[in-house]
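What follows is one structure encoded as structure tokens, with my remarks underneath.
Chain IDs A, B and C follow the sequence of writing; residue 1 opens each chain.
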Amino acid sequence: MRFFFRRLRHACFLLFGVSILAFLFTTLAPGNYFDEMRLNPQIAPETMAALRAQYQLDRPLPVRYVSWMNSVLHGQMGFSFAYNSPVAPILFVRARNTLLLTITATLIAWGIALPLGVWSAERFGRLPDRLLSWATAALLVIPDLALALGLLVLTVRTGWFPTGSMTSLDFGSLSLGGKFRDLALHMTLPVAALVLSGLPLLIRHVRAAVAEVLDAPFMLAARGHGIPRRTLLYRYALRVAANPLISLFGFSIGALLSGSLLVEVVMSWPGLGPLLLESILSRDLYVVIDGVLFSTMFLVSGNLIADILLYWADPRIRTESAAR
Amino acid sequence: MTMRRPLAKWLVILGVLHAIVVCAGFFAPYDPIEQDRKNPYLPPMPLHLLDAQGHLHLRPFAYALKLREGTFDQYEQDTSQSVPMKFFRSGAGYRLLGFLPSRIHLFGSEDARICLLGTDAYGRDQFSRLLYGGQISLLAGLLGAGCTLSIGLCVGAAAGYFGGWRDDALMRVAELFLALPWLYLLFALRAFLPLSVSPLKAFFLIVAVIGAVGWARPARLVRGVVLSAKERDFVRAARGFGATDSYLLRRHILPETSSVLLTQAAILIPQYVLAEMTLSFLGLGVPEPAPSWGNLLSNLQQYSVLVSYWWMYLPALAMVPFFLGYLGLASSLQERLEPYKIERRSPGSLA
Amino acid sequence: MQPLLRVEKLVKCYERQNVFGSREKLLALDGVSFAVAQETTLAVVGESGSGKSTLGFCISCLEIPTSGSIWFEGRDIVVLAESERRKLRPQIQLIFQDPSNSLNPRWSVEEILLEPLNLKGKLKREETKQRAVALMTQVGLSSDMFQRSPAQLSGGQRQRLAIARALALEPRVLILDEALSALDCSVQAQIANLLIELQRTLGMTYLFITHDLAMAAHLADEIAVMNRGRVVEQGPAQNILRHPKEEITRHLLAAIPSLDNAERPPLES
């Protein structure tokens, strides 16, 4: 329990630090939303000043930070100039969509990487293993951007899957099963892009970790005891290899999140990515900060989950923290 | 010495690839910003050795393109009009390596243009733009990686060598930077820089932004090396001879970090080239008309281009050989650094 | 006679942060006192972890002791400012146990040997070179090894090189921190004899830190036995050897291999 609280405290510290960093970077930016407006001769300078005062843009930085923080804690998360509404409702919908994408991609990627990595480690150095290694290497050298665009070009030309947005136009009129099918079809392309870009690294790490365990003397001893191969592989080897893999899990969430930003923009998936891009271009200050904060929160919670899994999987950490 | 062979191989491959991009003026047949409004979105023109009548030509040639009957953007090969490739032909002026004025191009043609990868909306030759764009993208990657590594080196060395509260503070900040998803961070940083700026300024902004984002990981690695290096007996011995801190850092400790820095460079450069591509692709990077690998692809964001002009995608694949080279370099560098581990990993490693 | 080096109630306490962020205290030196006269050898003998290496680091100004004082040539070097300590360090040189770690593997023999001379400055290029050749002959190495890397030398040659490098600054005190332990027996004897000869010709004072009581008896005039950060027994070498008072000394004596079993004191578990 103490272990958990320490990790939680650390996560809060990270979030707090990131909020300050994001706030600093974005508010120090020369130019804001209303500067773009100033070029418009129809708006009087007095109106501009009034607007600036209304949104506290004329106040000193710490005051603005505190008032923004206050707004975050009250669940509003600042004000969007472009949408003329609190940021929270806009952001939550987008964040939900991003989460839907990343969580699905994470599950699928691990669902493929784990058995494939173990399978490959078992045949370490033999032909199937080498073929898989070359395949992952080939995937690894295709840049994310090229991969996402390539899939998009392919799909648009073949028309196998719908592209762009999350749902069809007639989504509202579909039955529940039809809605699910429609959503799944629309998700296929972005999820495929995410999975393919994350997969090679995962497979390689799983393979390396398991291969290392399989070589250990205690595995030889266990084999000597006559423990069946499957049990040996999945119950023994995988559990020992769990430690590096769980850390990798936390890392993979961050990688997929970064990747999803690009994929969402390329595939016009209405997640955080396009929102962030749009708000950067229009200098919609608080949306940018909140977007960064949200994605950091996902990442930090991913690491927190990894930590908890590690605590559960690795007896050494449990005893260390119990002893204290 | 067998271990040096893959390293040399990858270095040669990368050297050749970079030389092609550095000498883009020579390898590219045309000026990258020269427009040909009459020929937008030309498809790639394949080179032939056999003509339509089945005769073999020693000189490769392409067929000129003509509009298909009844369309306004569909081209077909005009087999009656062959455009032979002319080598070492004089064409648009350029400066080789940035200072040698020259007009000689590897290839060119007499009348119609040979556009190996087609043309874009303004009829600019994609192949030439690809080569010139590489200069910008690769330079951004190299400079960005240099930036990151120098920040990482300074921070890591300071944290590791002086320790104490400086170490704590610096590593806390590094943790913060590691917690941010890096593409988002790149965005956030770019957000606070002016949006519309001149290409040159935009380029340096991008390099600075990309370079400033990734310092945390190398800083942690350098710190680790410095921490272990400063406990080595030869450092203690030198201190015993009356050496100052700056001497110890310069002569004994920083040289120990060179291998880590090299490996990090091989990992970071392609990442940063990709970062530049992403930013420019999204319109936050190098602006038109200057070509970069990112903004060459940005018109793929239009659905009509996606549907009708698939060849606009081809420049995306330009990165692949570079990625391959850097990945190979990184893994062979790693193998040299961890000679124990290679025995296990070699069948799977890229080299 | 005024001793060259006098240590009084020296305490060194390390505070170490473990992986989980809690601090642990470790008392490496717990009130150590002794004195060494000029041109003599004091052997500090103890098991590993008894704090003898820390003692060496403290005396050679590489670590700052927590409390206590170290008097060298009439000055307490513990309270000196860092710049003063830096000037003092060349006077008290340390030879490390493992020469493959104390010689920078990236450097050539010549660079390694010239390092202290270059740091001292003052000498011209030609003089430096001559001095380097002289030092090499002094420790029994030939100067045609200059371009080799330390990895290409044998263990004994490396330790000779380390000694030559330490001698370059003409120190008053040489601290030998397990300097012979990593070497083969025959090489140990060669280096030990080299050390005795150097002491005779250069008038050096040695602090010989070791776990090997036999070698200590061979080299030292006096022996101090350390256990858990304290000096438990001290006296002339022959006295300690013949009439050990403390349990730990008897243990160390028992560890000396001997051909004559009858002379061996019984080993208690």
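As a convention for this text, a residue touches a chain if its C-beta (ideal position, glycine included) is under 8 Å from a C-beta of that chain, and two chains touch if they have at least 3 such contacts.
Computed from a predicted model, the values in this text were never measured in an experiment.
**Q** Farthest from chain B in C-alpha centre terms, which chain would that be?
**A** Between chain B and the rest, the longest centre separation is with C.
**Q** For this structure, which two chains share the highest number of contact pairs?
**A** Result: the chain pair A-B has the most contacts.
**Q** Rounded to the nearest whole Å, what is the centre-to-centre distance of chain A and chain B, using the mean of the C-alpha atoms as each centre?
**A** Going by mean C-alpha positions, chain A sits 25 Å from chain B.
**Q** Just give me the whole-number Å value for how far the CA centre of chain B lies from that of chain C.
**A** 54
**Q** For chain A and chain C, what's the span in angstrom between their mean Cα positions?
**A** 56
**Q** Which residues of chain A touch chain B in their complex?
**A** Against chain B, chain A makes touches at 14, 17-18, 21-22, 25-31, 124-125, 129-130, 133, 137, 140-146, 149-150, 152-153, 156-157, 164, 204, 207-208, 211-212, 215, 254, 257-259, 261-262, 265-266, 276-277, 280-281, 283, 288-289, 291-292, 295-296, 298-300, 303.
**Q** In the complex, go through chain B and note every residue touching chain A.
**A** 172-173, 175-176, 179-185, 187-195, 270, 274, 277-278, 281-284, 294, 297, 300-301, 303, 306-307, 310, 313, 316-317, 319-320, 323-324, 327, 344-345, 347-350
**Q** Spell out the residues on chain C that touch chain B in their complex, using ranges where they run on.
**A** For chain C paired with chain B, touching residues are 57, 60-62, 86-87, 89-90, 92-94, 96, 98, 101-104, 106, 115-116, 119-120, 162, 165-166, 169.
**Q** Flag every residue of chain B that touches chain C in the complex, lowest number first.
**A** Residues in contact with chain C: 232-234, 236-244, 247, 252, 255.
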